[in-house]
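Shared between the two complexes below is subunit A, which has subunit B as its partner in the first and subunit C in the second.
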Partner chain A sequence: MKNTAGKFILKNFVKMVLLIFAVSIAAFALMTVSPVDPLQANVGQAALGSMSQEQIAKLEEYWGVGEPPVQRYLAWLKDFLKGDMGVSLLYRQDVAKVIAVKLGNSLFLMIIAWVLSGLIGFALGALAGMNRGKFVDKAVKGYCLLISSTPAFWIAMLLLIIFGVWLKILPIGLSVPIGVEASGVTFLDRVYHAILPAVTLSITGIANIAMHTREKMVDICESDYVVFARARGESLWQIFRNHGFRNVLAPAMTLQFASISEIFGGSVLVEQVFSYPGLGQAAVSAGLGSDMPLLMAITIISALFVFGGNLIANILYGVIDPRIRRGGAAK
Partner chain B sequence: MEKNTILEIRNMNISFSQYQKGTKQTKLPVIRDLSLTVHQGEMVAVVGSSGSGKSLLAHGVMGILPYNAEMGGQILYCGEPLREKRICALRGKEIVMVPQSTSYLDPLMKVGTQICKGKKDPERKKKLDGIFRRYGLAEEVQEQYPFELSGGMTRRVMISTAMIEEPKLVIADEPTPGLHLKAAKRAMEHFRELADMGAGVLIITHDLELALETADRVLVFYAGYTLEDAKTEDFRQEKTLRHPYTKALWRAMPQNGFHYIDGVQPYVKDMPEGCPFAPRCEKCTEKCRGEIPYREVNGGYVRCVYDS
Partner chain C sequence: MTKNTKKGTFMIKKWNRRQRLVLWLVLSLIFLAAVCIGGMFCGDAARETDFARKNIAPCLKYPFGTDWLGRDMFTRTVKGLSISIIIGISAAAFSAVMAFILGVLSATMGKAVDTVITWFIDLVMGIPHMLLLILICVACGRGLKGVILGVALTHWTSLARLIRGEVLQLKEQQYIKMARKLGKSNFYIAMKHMVPHLFPQFLVGLILLFPHAILHESSITFLGFGLSNEQPAIGIILSEAMKYLITGKWWLALFPGLMLVLTVVCFYTVGEGIRKLVDPASAHE
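After this line comes the complex of A and B, so read on.
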């Protein structure tokens, strides 16, 4: 038993290292072929024109222009392996520090959205699946299809217009009130500012989770064991409690942890709309500004999150499903 | 002498609606005309080959047909019509079904909890312990999941789901496939016991030999029709049987010569006019193309124009 656990950990650790390695190469390769000229993007055409040749050469060195990509990558990798993620070219701060701040903001947002979309999505999906073809099902399905075919950033703008501009009950952006010292920002201020972006992320997240949960639930309701449960006189509620919930839980859990990647991706756009200073916004500015160390670090952290999510789902599957838990132990 | 009739099915028919070539909907009649009665303390076997739609009979009575199925005819339970509302109230209590395969057990629910439908009162637990002792199942089995059971154990667990109630009518859908002869016989004996305890038992099976060993009456089902309703004793010799198909079945049994007849059961979509067995019947004449009555002969029933 101990041996298998050790093997499991080792196997996944190797997988993780390989994944990060592959992701870093891909991200770096994409950055090198990107047509964005870091000097033009960050200094500007006008300013460049008025600079001397030496000044431009200095800037080029700072942004790494002209250096062979392989050499640049290897230098980055060497530092990264030592635990040094480098200095952000845009923020002129340690990447680790920048990420710590941004991630803190984003995590707050993403956890709210993740929990909300998971719980509400599961409930709606289960409800629709159990009542297939009835009004509830049609309503939930309609909602999901509508939302799935609507871009997240558009919903963000819509909510912004309604609640921020017309009704003026929620802030139009940022994560803290304007003109307040950092020490004067309360937790409630943060929650207040996170409501709109979190709700936007949830609205889109719910559709995905509800739709998948519904599909699973419909399958379960058509299964032989639910037919038999009906033949044994179990009510709809009993069927849900005894069979539906139990059987939909494992796939729903996988879905929930796999959806981390979607919340991550969605947050990039949503943070942009709400000028929310999170990881997503940092990724956009790092990409557009050719801030190689920062973008590499953000990419790797995102990959780690997604990998971690899937890993947790895998482990939980074994905990929930007796066929894996007991069956595996027997062998 | 007439014992109480528990279940009476009159002219049951079940059809599926199916989409063909896009939007054209066709009806697929799987059961065309099925009549039977089950009395108190009696074990009746419905025998038919695979794919003849026997399982639908059980699902039809229990009210658990899929949404695209339609059922006609009349079902009487204890003399009164068994409509949707009544079966919903009675199933799982007075009327129980014993399903066909392991897939009818929830893979994620422990066997004991599952038999008790998630209820945990000590009375049920005591009853369950009793049933398990009777069927020779160890108490640990209650804590196991369906995937950990052997075929024979699964069978006994599924019969236990019926025993935990107070059934007046037990419908068993193919209770023996996948079991070796000894286990299959034991399973049939368990149903016999249920009948001897006063319940009406309806067994749906393709195993004629096993049915003859334990049942009181045997109904022969072919291509959607009940062709014959005979007492088990009638099967002792060929001449007491009524329908040519039943006789062919009798002759096909190893101890009676192992003879077989050509052809297969017709598919639902290309059914012959009149008698469904006509294309394979040696006695077939023009008369067999018309309406065939289901009539009483020598205390049984037969759907044939000829007297045997």
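After this line comes the complex of A and C, so read on.
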């Protein structure tokens, strides 16, 4: 049995590596067909005009303008595998360094939002599903519909207006107070600045998970074993504890790990509104400034997170649900 | 079922569920049509600047207020929404057609094609939507083309999966196998047996793509990829409003956003409504 589990993980792992490899090719191809000239984007039209032919040729060689794309990709891949992600054109630093800082900020935000939205969403969804047709259910359903029709950045703007501009109790942006040295920033400062972005991300994340949990819960509540449990006189809480929770946990878990991609996308928007210096904001500025190495690295890292999340979900599924574990072994 | 309907209609006595559904559907369609038609007519008014009336808070004459250049926010919002709706619809339609073709190919062309297409779906799903949108917009050098292509290329995956699953299931149905044994051509089977079954689902999938497409379109233009400031798509209006948030001009962000939410809710209502009408069995909740 251990053998099959190992095989399962290995197979998924190989698939993940291949997919990430493909993601890098796809991202590279997209950036290569881009009509934006890296020289013009980074040196600037005016500077280019005043340069001599030789200088331009030198720069072209540096940015690899003349080289065929395949060669450039292989060179990039070789360096990337060695751990050298290149130099960010916008930040004039090693991409690895830029990413380390930004990822730290973003992860802080995303983990809070991910945990919060998972727990609250699951609770709300289960509550609504158990009380189908009652007021709670209608309220949760309405909330889900409303939030899934609302762009994350607009929620962020509303919260910014209310808490940042009107009530003035929360900061309007950035991840640390302005005018304070890096050493003077306390952990509480960082939490204080992460509240609004994290709350925004959670609000949007809750809708998705709550809606799906609710649907599963409704199905479960209609099943024979729950009808029988009800006939036996089990209370709502007992039904939830004995039947609902176990059955709804596995799909909710999968969904929660699959939502990493959504949270990532949401963080791009939210970080932009709050000028929060995270990975999402870096992606936007890398895209607008055609900072190729940085954008490539961000794409691959985010893909790693998404595929990693899926992999963990697959493994956890087996852990939670013994049927899958035994079924896999029986085959 | 009859009991249920009776219980549900205590609010409006004479209307049953289906009639209320149609009512909401029609209202939503009217709203969307009004925005689109309104947008066509107030193109010039949306760009008209007048410094005598700048920064007015919402009042009777300017229900949504005016901005820092004295442009009427109401006409701008309507114009912006109509642009966004048109972009969203075209991108979603493009995406749905792509999903349909790939889904059917994947289910009918044998194992090799199937593996490639499913793998491709996994690939697209692996990059967060927003990031892929950014990449595609950069690849197209920003602009309208990038936005439409980006939204179209990121949204087909789930619908393609759905259609693939449906066709795979259909292929195993008795009546299809029977038709094949009777020597009917593939084309006949596809037209006579598959399309009638797939079409409603495809239609609903298509309509439910619209809200997503519009949301992503507004997001990507909000980030500054895509359209120029000349075309006030809703994302651009909101990103301009961003700069004036801190000065307390809340109406610049509130009303265009509210209208956007209303539009998307309307699309959801239309999609869900049509789904319940063409496929009453799924409407039990």
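One rule holds in what follows: the second predicted complex is superposed on the first by the 288 of 331 C-alpha atoms of A that agree within 3 Å, B and C clash if a C-alpha of one lies under 4 Å from a C-alpha of the other, contacts with A are read in each partner's own complex, and residues count from 1 in each chain.
Please note the rule applied: a contact is a pair of C-beta atoms (placed from the backbone, for glycine too) under 8 Å apart; a residue touches a chain by one contact, two chains touch by 3 or more.
All values derive from a computational prediction rather than experimental measurement.
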item	value
Partner touching more residues of subunit A, whether subunit B or subunit C	C
First, second, both or neither for A:Leu170, with subunit B first and subunit C second	neither
Touched partner set for A:Ala303, first subunit B, second subunit C, both or neither	second
Partner chain(s) touched by A:Phe228 [first = subunit B, second = subunit C, both, neither]	first
Partner chain(s) touched by A:Val284 [first = subunit B, second = subunit C, both, neither]	second
Which superposed partner A:Leu116 touches (first subunit B, second subunit C, both, neither)	neither
Subunit B and subunit C footprints on subunit A, overlapping residues	none
In the complex, subunit A residues that touch subunit C	19-20, 22-23, 26-27, 30-31, 33-36, 132, 145-146, 148-154, 157-158, 160-161, 164-165, 172, 215, 218, 261-262, 264-266, 268-269, 272-273, 280, 283-284, 287-288, 290, 295, 298-299, 302-303, 306-307
In the complex, subunit C residues that touch subunit A	119, 122-123, 125-131, 134-141, 211, 215, 218-219, 222-225, 238, 241-242, 245-246, 248, 250, 253-254, 257, 260-261, 264-265, 268, 285
Complex interface listing, subunit A residues touching subunit B	133, 223-225, 227-234, 238, 241-243, 246-247, 321-323, 326-327
Residues of subunit B touching subunit A in the complex	59, 62, 64, 67, 88-93, 96-97, 99, 101, 103-109, 114, 117-118, 145, 147-148, 161
